[in-house]
């Protein structure tokens, strides 16, 4: 009766970053800017760390929407980059879908701006074609919480699984023993509270000499 | 297992504006008035822009509920206007349903005041008769967020798709190339942040000479 | 695939007021006290106005939970009153279920304190026995919004329809022509914004002479 | 260096109710309507209970601002009522100031709608003429919390004391022994939590027989 | 001991609009964009309506800060416009101060972006030179409420009076009889709730024929 | 069509406490610390009171995650304690699942830190293997409300029932007559409002002599 | 021009606990109950720890206001306890003032319920008589944040210093070397986040053997 | 009557960073962690950029309070670092005051954790000794907003000026022409919205070639 547990798999996941453009980012008001920027960069870092195939797409970079966040360009120099000539729903652009199909993967992990359009439209289209779809909710932003809630509701009703970047990282990693240092670095870079835990721990273990000493 | 993606179609959509009356608007306290007024006018503008058939209905304009927002009257001079003699659920009024059926369309896009009654009741009735129903959540208002949440829950559970005016506009437009100027004007008129992007862009492109020059 | 529209019917509805006791009311912190008290009294008034059979039940009035709100006792002097000797879930008390079955009705409209126990438990039990169940969310209260959200989620997932007192009143009334004065009085007594509309309207119509005159 | 304690005195206080009109009340969005209505009626009840001279004033009752709340009219049939012909700051109307001076009192206790104009303007004017001024903050309302904060700041900087209806009642009453029943009734009528305490207490003391008995 | 009531005077006020530029507006996150844009335009309209001398200033329009809101340029074609070559505090620019002194007025009414810099700095400088300073808090915006609170605190401690556009308009107008139509139009254009009151009132008075008729 | 009422049963429930470690607790920011600590200890107390089998598990106690809350260690000295060597999803650790299966019970009641990982992952895994799963939402914490909402949505969609510690206690207890003193003590220890009710009640019944006497 | 730094002194401070009674506590809705209870108990613990003279007072313990929190009675068996026969402002009761004067101390540190009456009234009276007054804001509660803000404003304007229990403890302690263990225990008992730090620290230092070991 | 404008001066300012230690940071809950971390690093960057003398102090780095944020240690390798042996108020430590006096500067700009103790105590002490004191409110954190408000109130009443890191940077810089690149880099590094403006601007100016090109 309920959705089965579709678990993210390192061999099946592909990350789609949709329209994180400098102009469009000014529309994001449901998540505070420092946190939102951190969350988007966390997704980029986890994609690189886990070597998950990543596809970038934008809409009219030359116009008011502005260029893709430079950090994303720099992080994925070799990733497929689909500059859509006009399609609002990225799924309507054959090149975008082709890039996804070229990976041979079935789990689409999407983040984008704005949530109810740039995330929800391709998410719903992909579900309709049989893909498993996961939205990274905290790396997707929109006008206000009411709009976000409506977008989440529509996506969830269609079968999209709502996740966050931390949950995605943990579900892909599965076991700390796989690479304790790597995961710890990722978390430390994007979760200030975790960074603090590690700082205190390292100091007590002698790794960080106290300045007072 | 989950709802299929029912995508808005310019040939199937009809917009229903229910009871946006001057008196009833004073009951709306789940959305701030400047934003709510803007959202309702945005729906009117998008309906006109996309030439989506639009049906207006009111309840007791002569009484405390007050007249329909004059801007809506002015925007749709030729649209069917159904002044209900007493039915709370607009679907209980044969004229209202007849006006909808006369369009031959199957996708009902509803906004109204208040959400849990004037939107939810006809939405639920229409679902029961096989229509696809989309609520424009941000152009529908009610007493407080708790009431809104209950209304959304009931509608969503019945199969109503929760949308916003921006998502409706984007899903109808589909491709910027259809009319870049038109969509940009619509967005600029109702999204201050987008208007700012366009202002800065135009200035840099030379369209708006700097006053300082 | 989705829940059909189960519409409240004056011949099928029975209202259940569960544990609105003076002591337990101090536990309610997800709705502000003035509003919560108003909502509960609105349910009482609508039950009386529509002559919907109403059943009262309490838990340990003699102890810290305190007596039922005196206004409810006064409003329903002849209603079945079930003082449960210990059952937390009112449905576990045969007298309570018997009182419901004695009405021959199938639509249970429940409000109570606290939401996740006194409302959710009998609501879930009644669903399991084939009743249609409607929770009056704004006349039900609990410890905080997080607890309320969990309670709503559990009830909704089980098929309970989430409503509010205003939606219940409107769905029962259906057509203003049934009794304009009666419904208007009910709304005026419990919706300050609507009362203001009526005051201004009446003054302009000459019913309330201006003090200044 | 700081303001001395200017304590409300039953022989010096006069209550000024400014523009609590049905139309203007729809502008109040910094306090929820059920609570605001309750607070205003509490001020009326305490004014009557303590027999504090009370002066009513309105602005254009015949126009969109609407009539004074009928409950206030009914509560103070013999109080000075000043229908201002146009002055926004009530202090600019000689009749209003004359009515105040006629009481011979020096402590002005003001509530009104909207806070930053109808309360703040006369409050500042009265301070400038040497009166002690107390604003009943929770029976005064305005557009949103930001506007309220600005209004409070301006008034406080000028020497207005910010109070609430409950603090006013307690400062006037001073000693429960003066009239236990009277104060308790006032509190019970307007503080649901206190009403609950009294209900439970009375039941345990035998005053309210349990329905279950 | 407390600040005297310094009342705005039509012959002494000058309005200063500081850095309402398209780029900088994207930094404003303590007030929702629809409301903020409305508030800024309300200040422009009241300045024009009351014919209060108005001075515009900007910082680097040609750069990322972007051009002044085009509506402000259009509204004040003949007003002094000071494009600062680099001074962050507008008061550090001799032309800006000269433009103020040229008006011969002593009451500076300032709004700007962002509050703690573009408003607070010239406000504090002007106070230090003996001007009376009024901040239009709701037409000034900044990063978040915490930053706003700190800015208000610093300004208020220095003697700046915190106001809002509506309070400024009312304090300048003083008496409705001065021009009922004019003030009503201003309020109707920028306070949706007031517009609704006027719509209902006009309809009842026969000015707006009901569509249903 | 909807989930059947799966009611907690004293003979079927097993409580799983996942990663309530001193370091990880600093990550919890969706519930205020005093309340969260109280909720976790309430779960521990109810587990002990109802003698529900309880299983503890932790992740890297020796590292930055820190040791399990000492109160939990002290409360369950004989409970199975599974220190996972690296598995993020506790269900991936055979010992953990074995400990659950060893109880022979089918209703898993889970609380943990953080919600979207340490609770959601084993919850989803357990659902997939046919267990009934209940999340104790208010004894589970995470980074912020947005992350919590996404986690709840994913769990609920998969069939997890969202509960709270109070609902769990009431559903297990079922009838006050089972042990009035025991349940009252549990509630008094963890619900300050309920404790107050009991204090007042006891005083009036003579159990607590007034200090004033 | 501004208030001088009046620093709490172990030889000058006296703590006044006003009306923390079981019934009145149900009125406190500006601070969540778990946190408020914790804060009040923290004040009691710090008073005992620092051996600061403490005076308790109540109003009508035998009536609906209910008995003083039993924990406070138990903590201060020998402290002056003033059961006021009716005075709302404790300062109006000669015994209360006499108890304060008997200590010979000049720094009054007050907490109570409700803030705008039971704290503000004696605070203002004491200031007027030349005492230094400090309000423990987080161990004082009232109806809602608006009421609290008004109360704080009135007290602050009169010269009351607004503090919190943690600031009081730190200002009295002054130097950790005075008693590291003692202060750490106090903080650990009432600040969950600090308790977690100590738990992790102790574990790493070997004081708390890991369960896993 | 009001505080004169004390403007930050590059030759008079000294920045004091008090107790930004990894353990204590977990106590900060009035500002979201991503934003707080960003604000603290912004202060460090502006101190370095403007070459303002900076003094670091900590309390018990070896204990649960944890080490100073490593980024601060790295940023100021040659700054005075005062590890206090036990004084809670840094001003009570002669070395700390001596380090300040050694700079010969009179404007103390303080940030720290927690606000009401580590910032407020030395701020009040410094005011008492004739320094000008500025609190960087957004780089200072504490338990919750109520505690913050009390701390701000106490500091402001004593004459502390409440600022933010952005206001400090702008007041020190004074004129963009001093170093456009430098200030822009500082803002871009710590204000995501400003970074976006610069990204879009640079792209339009040709500095950042569009990826799509």
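Order of writing sets the chain letters: A, B, C, D, E, F, G and H. Residues in each chain are counted from 1.
Keep this in mind: a contact is a pair of C-beta atoms (placed from the backbone, for glycine too) under 8 Å apart; a residue touches a chain by one contact, two chains touch by 3 or more.
The structure presented is a predicted model; accordingly, all values stated were derived computationally and were not measured.
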item: Most distant chain from chain G by Cα centroid; value: B
item: Selected pair, greater C-beta contact count between F-G and B-D; value: F-G
item: Mean-CA-position distance for chain H and chain D (Å); value: 44
item: Distance from chain H to chain E - Cα centre to Cα centre, in angstrom; value: 31
item: Residue numbers of chain D (touch at least two other chains); value: 3, 23, 26, 29, 32-33, 66, 191, 193, 196-197, 200-201
item: Interchain contacts, given as pairs of chains that touch; value: A-B, A-E, A-F, A-G, A-H, B-C, B-D, B-E, B-H, C-D, C-E, C-F, C-G, D-E, D-F, D-G, E-H, F-G, F-H, G-H
item: Chain A - residues contacting chain B, complex; value: 3, 23, 26-27, 29, 59-60, 63-66, 85-89, 92, 114, 116-117, 120-121, 124-125, 127-128, 143, 146-147, 149-151, 153-154, 157-159
item: Partner chain D, residues of chain B touching it in the complex; value: 26, 29, 32-33, 144
item: Residues of chain H that touch chain E when the two form their complex; value: 1-5, 7, 31, 137-138, 152, 156, 161-164, 166-167, 170-171, 173-178, 180, 191, 193-194, 196-198, 200-201
item: Complex contacts: residues of chain D adjacent to chain C; value: 22-23, 25-26, 32-38, 56, 58, 61-62, 66-70, 73, 81, 83, 191-193, 195-197, 199-200, 203, 208, 210-212
item: Chain F contact footprint on chain D (complex, rising order); value: 197, 200-201, 204-205
